[in-house]
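Structure, as structure tokens:
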Amino acid sequence: MKEKELNRYLYQKAYLIRRAEAAIRADYASDKMKTPMHMSTGGEAIAAGVCQALRPQDQILGTYRSHGIYLAKTSETDAFFAEMYGKATGVAKGKGGSMHLTAVDHGLICTSAIVGTTIPVAVGAAYANKMQKNGKVVAVFFGDGAVDEGVFWESLNSACVMKLPVLFVYEDNGLAVHVPAEQRHGYKSIIEIVRQFNCNVFSSETTDPEAVYNLALQAIGAMNKYQQPSFLRLAYYRYLEHVGTNEDFNSGYRDRAEFERWRKADPVELQRKKLGKWFSEGEITAIERTIDEQVEGSIKRADEAQFSQPQALYEDVLA
Amino acid sequence: MSRLMSYREALNEAMAQEMRRDPRVFVYGIDVADHKRTFMSSKGLVEEFGLDRCFSTPLAEDAMTGFGLGAAIAGMRPIHVHMRVDFLLLGLNQLVNMIATQRYGSGGRFAVPMVIRAIIGRGWGQSFQHSKTLQSWFAHIPGLKVVMPSTPRDAKGMLVAAIRDDNPVIFIEHRWLYDVVGEVPEHSDEIRLDGAKVIHPGSDITVVATSWMNVEAVKAAEILKKRGVGVEVVDVRSISPFDCQTIIDSVQRTRHCIVADNDWTHCGFSAEVAATVYEACMGQLRAPIRRIGFAPTPCPCARPLENEFYPNAVSIIRAVEAMLKLSETDLSHEDFYSYENKFKGPF
Amino acid sequence: MSRLMSYREALNEAMAQEMRRDPRVFVYGIDVADHKRTFMSSKGLVEEFGLDRCFSTPLAEDAMTGFGLGAAIAGMRPIHVHMRVDFLLLGLNQLVNMIATQRYGSGGRFAVPMVIRAIIGRGWGQSFQHSKTLQSWFAHIPGLKVVMPSTPRDAKGMLVAAIRDDNPVIFIEHRWLYDVVGEVPEHSDEIRLDGAKVIHPGSDITVVATSWMNVEAVKAAEILKKRGVGVEVVDVRSISPFDCQTIIDSVQRTRHCIVADNDWTHCGFSAEVAATVYEACMGQLRAPIRRIGFAPTPCPCARPLENEFYPNAVSIIRAVEAMLKLSETDLSHEDFYSYENKFKGPF
Amino acid sequence: MKEKELNRYLYQKAYLIRRAEAAIRADYASDKMKTPMHMSTGGEAIAAGVCQALRPQDQILGTYRSHGIYLAKTSETDAFFAEMYGKATGVAKGKGGSMHLTAVDHGLICTSAIVGTTIPVAVGAAYANKMQKNGKVVAVFFGDGAVDEGVFWESLNSACVMKLPVLFVYEDNGLAVHVPAEQRHGYKSIIEIVRQFNCNVFSSETTDPEAVYNLALQAIGAMNKYQQPSFLRLAYYRYLEHVGTNEDFNSGYRDRAEFERWRKADPVELQRKKLGKWFSEGEITAIERTIDEQVEGSIKRADEAQFSQPQALYEDVLA
């Protein structure tokens, strides 16, 4: 892919995430979206970069904080917003909400609100792909809290011993809710530990979507070359509160100054600046307007859509 | 001396007083010591007792459950807190294979004084991974005590009793109850862990309720009282050991029984209550027992579906009317205040 | 064409035939591929289908449960085997929070075709960590199917049906049944996963039994038949969905009901059966339903205590006599052969 | 302690374990011991060496394969054998059997038949000791199968972040039932991984009880000095089948030749030879005779003892 095109795609993904979440923030107080929101804002480089490195048929799984990967993988907003508003037209007909996004046709298998739970699911999907020899890559996104859980270690170990094509994407914001990693991790460096496994390890603090993209490509390449999983650590700063749509710098567990530092390398702005190399300001604005309109249109349709009928409660329990 | 306080404050006071009384008591769990302090139920404990006795842990429910067992055997009295009972699913191996069996497996050589506080209840469209109750699961296992207090007074007295008890106690708290206010004694008097209680008297029908369903049942009873229907509400409080006698006594008077359990019905605690009442009241019941619980589905997110999923005072009123063959009460002027508003968004 | 084969062989044949028919089916779990092949139930599978389709895993029940979910969503049909249901306690988070909810949570966009085979049953003094059953736990959760076949024919037909089913199915096998021999068809015909079955006709009393308790109940029925007492044994087979109609039909004829569940009674499946039967048979029962199950204790090791812990044909006979107000049958000349001898030592 | 005395103690422990298990093997076929036996034979150096390094008030926990540590920590055989025979005089009145040994007065907290389950219990006990400032050391014994389980990683991580005085004793026989470690471990070396944690790491392939003792002392010393857990890997060979009292070299998953190699450095014989430096053959035989008599006496009393009364079934469920 040409650099120009690539960077436009990356910006479209990053901007879409930022824009969609801004829209959620704008309307959340109206109480129409009755679902707990865990915002991706600040982490757009990871979702955009990794998903750009994946092909349409490749698969991803995430957490309750997965607006970003849903939008980056699907570029779809109708079913997305409908799910936020709890409507019948939502990805899960309103049954899942913000924390349970699926998009099977786009390769998003599932996301989950129990920490760590999609990690082994990704390993199983990777096994299925290997058996079916379909060449699909599975990437699973999880946080620095998830590695506290035993299931991370079981899954990592199993994937390594079974030599499965799975990409572990460690989204490191240094916090689990309000507890910093130092208070939860009995070690200095997770990547030094994972290096001891039969696993390719990559790590970066970049907020540049293109840098993430390149690292993800490397990680996938190593996975295929060495026939073993890859582990990709990517640091980022969570701009908003753990759950909810507000800032929380006044609650005492972290400092606005830290935010300001990260804000200087904001992934969306950074990517926008880079576009200047190939696009005029007008062209960039046009790209943004298209996305703005997409988001606004989707929200309007979501708002106007019907809720599922009461009997839908009883449907989809069993096949 | 009693004062008015919330269920949340009552839990807090129980822990604080017991920690003052007994240096072996400590509180731990994911996020218990952060600034939100488990919906403020552990407020002030870090300040008064230090981070050694009130601390947040790594996200490791399995290990942290076993950790409590080890600390208990080695002389402490841990209180393990789960923000959601659903997270306790990660600790069930320790709970069932280890904690529930260790006293037995040592021939009674040691005890396991440990409290596991687990929060349940509706939130804000939190859907199927943050909405379970599971009291029938815990109660099914010999070696565990299981309680679900529904008033501030019981919250305090039963938590005090649970902390002093030499057995593992699963203490289940519905978050909508947190803002319920009631009389609570200043002293740390224990309330027994094996007693049901009549919380609203009535002579026409018995509603046996657990946890939040007591609030709904009392509301239903108050509305029906206005048309002269006497609903007796029995708060089960203790799921295991289960005080069936209080319930049986009530049903033998009213001859009608509805079980309103804050859970699914299939193989749930409501089945145990029904089977027990039927057995004791053979030939005395005027109608089959009605079991009210969650819809037999995972909990959905969207509000209209969620409203269908959860039973409430109206479901109870309609069930009472059907059982007593009464016409439907006009509820259009009733005010069904929802405590949910206190837990408004995002979680 | 039917042949005689053991329950163990029937399970094995079901898996082998389905693996031949459908390349998506694979079998995995701790030790399934070692030379003991899960009590030989997976015999020959490695040889015929290779280690890709029948493999032992790391000791990681939690991850390996989620692994099955991922493989199922991604197009395979996994069979996860647990040598003991007790080990599944480590996988409950995946089972309940994930597997049972994923179809619902995707608005029905995908299915989860997965079988979890879990072995239960008495061994050789294995005590409290290798002796649970837990069917009421699984059945309590919407989104899971739960079956407990008790004959070789059902073992094969229901395992075939479970493998072909698009839902997660918990398949519970009592190890003493492994050596029971019976007629099994050569073809891989499905046996429905939602049907109870009368396995011994009788008109005086209904014994509703699960898993191994059917063997005990039939033995009891045969002994009591000799003195003219007609015991109808209904094999529940399916715990969820639960076919209560077959049971109700039987009890409406016999007007007496005993539930012999291979589990603890408090909040167990026997409570669900009793509550359901009472409700449907109001006024028709001649005596309160009797629930028979494990003693309300962890399972002890020593044989004399273990014998007290587990109910058997004699417990059933005595319960029938008490309910029908009969004198005690002289059992001194009866031969209570124990399949346990086939599982002699060490595990 | 004088070297002579130390070595005598170590031999007494090792010999007691070997002798007691030989007695079990001799009588198991009679079916009087109806409890699944997982034998320690071959691993005596670990139990003897580590328990010798612990003080009476120190605490241990183990697995279903814990005859060795029970005997080494308690030197007691009456309640031990009574439990094997299921009698009321057993450590758990017959309720526990071979897999559930406790000896609270001697510091044996518990053993468990579910893989990995006592590891977090040890961490909790260490926390209790730290709070009570009683200076007790907790040692937990587990196998190379247990580290497959997530709970090992959760416990290790938690102990490291909480800086707890706990000694992890990794009994490495390279097998979980019949599955070799290579088929279960997605890494080359567990000790290199654990080294990345805030944990002191020690490792050895020795079968010499004295060498184990010295290593355990070092591990405990480091634990106290650095105020963080220690991890002690000790290799050994399991002489008998996974469960049961027989050899199983004909079942195909391992080779008798391997056994023969390890047998040359048999821990009990090795320790016996060393005693020659301080004791005459007659003195050594006298030590052995005392233990033989102890074991025989205990078995006789166990065999003659009563089973618990039926109502005992219902006792000890709740306090």
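We call the chains A, B, C and D, going by the order they appear; numbering starts again at 1 in every chain.
Basically, a residue touches a chain if its C-beta (ideal position, glycine included) is under 8 Å from a C-beta of that chain, and two chains touch if they have at least 3 such contacts.
Just so it is clear, the structure is predicted and the values come from calculations on it, not from any experiment.
Listing every chain that touches chain A and chain D alike gives B, C.
Chain B and chain D have Cα centroids lying 42 Å from one another. The mean-CA centres of chain C and chain D are about 36 angstrom from one another, to the nearest whole unit.
With centres taken as mean Cα positions, chain C sits 31 Å from chain B. Residue positions 90, 92-96, 100, 112, 114, 148-151, 154, 157-158, 161, 183-186, 317 of chain A are each in touch with at least two other chains. Among the residues of chain B, those touching two or more other chains are numbered 57-58, 60, 62-63, 86, 90, 93, 97, 104-105, 127-129, 142-143, 296-298, 300. Contact topology of the protein chains: fully connected, every pair of chains touching.
Residues 30-31, 34-36, 56-63, 86-87, 90, 123-130, 295-298, 300-305, 308-309, 344-347 of chain C are the ones touching chain D in the complex. The touching residues of chain D, when paired with chain A in their complex, are 148-154, 156-162, 183-189, 192-193, 196-199. Taken in their complex, chain C has these residues touching chain A: 26, 52, 57-58, 60, 62-76, 78, 93-94, 97-98, 102-113, 142-143, 145, 165-167. Remark: chain A residues 28, 31, 34-37, 86-87, 90, 92-97, 99-100, 112-116, 145-146, 148-150, 176-179, 183-186, 243-245, 251-253, 307-308, 310, 312-314, 317 touch chain B in the complex. Contact residues on chain D toward chain B in their complex (touch as defined above): 59, 90-96, 100, 102, 104, 109-110, 112, 114, 117-129, 131-132, 138, 150-151, 154-155, 157-158, 161, 315-319.
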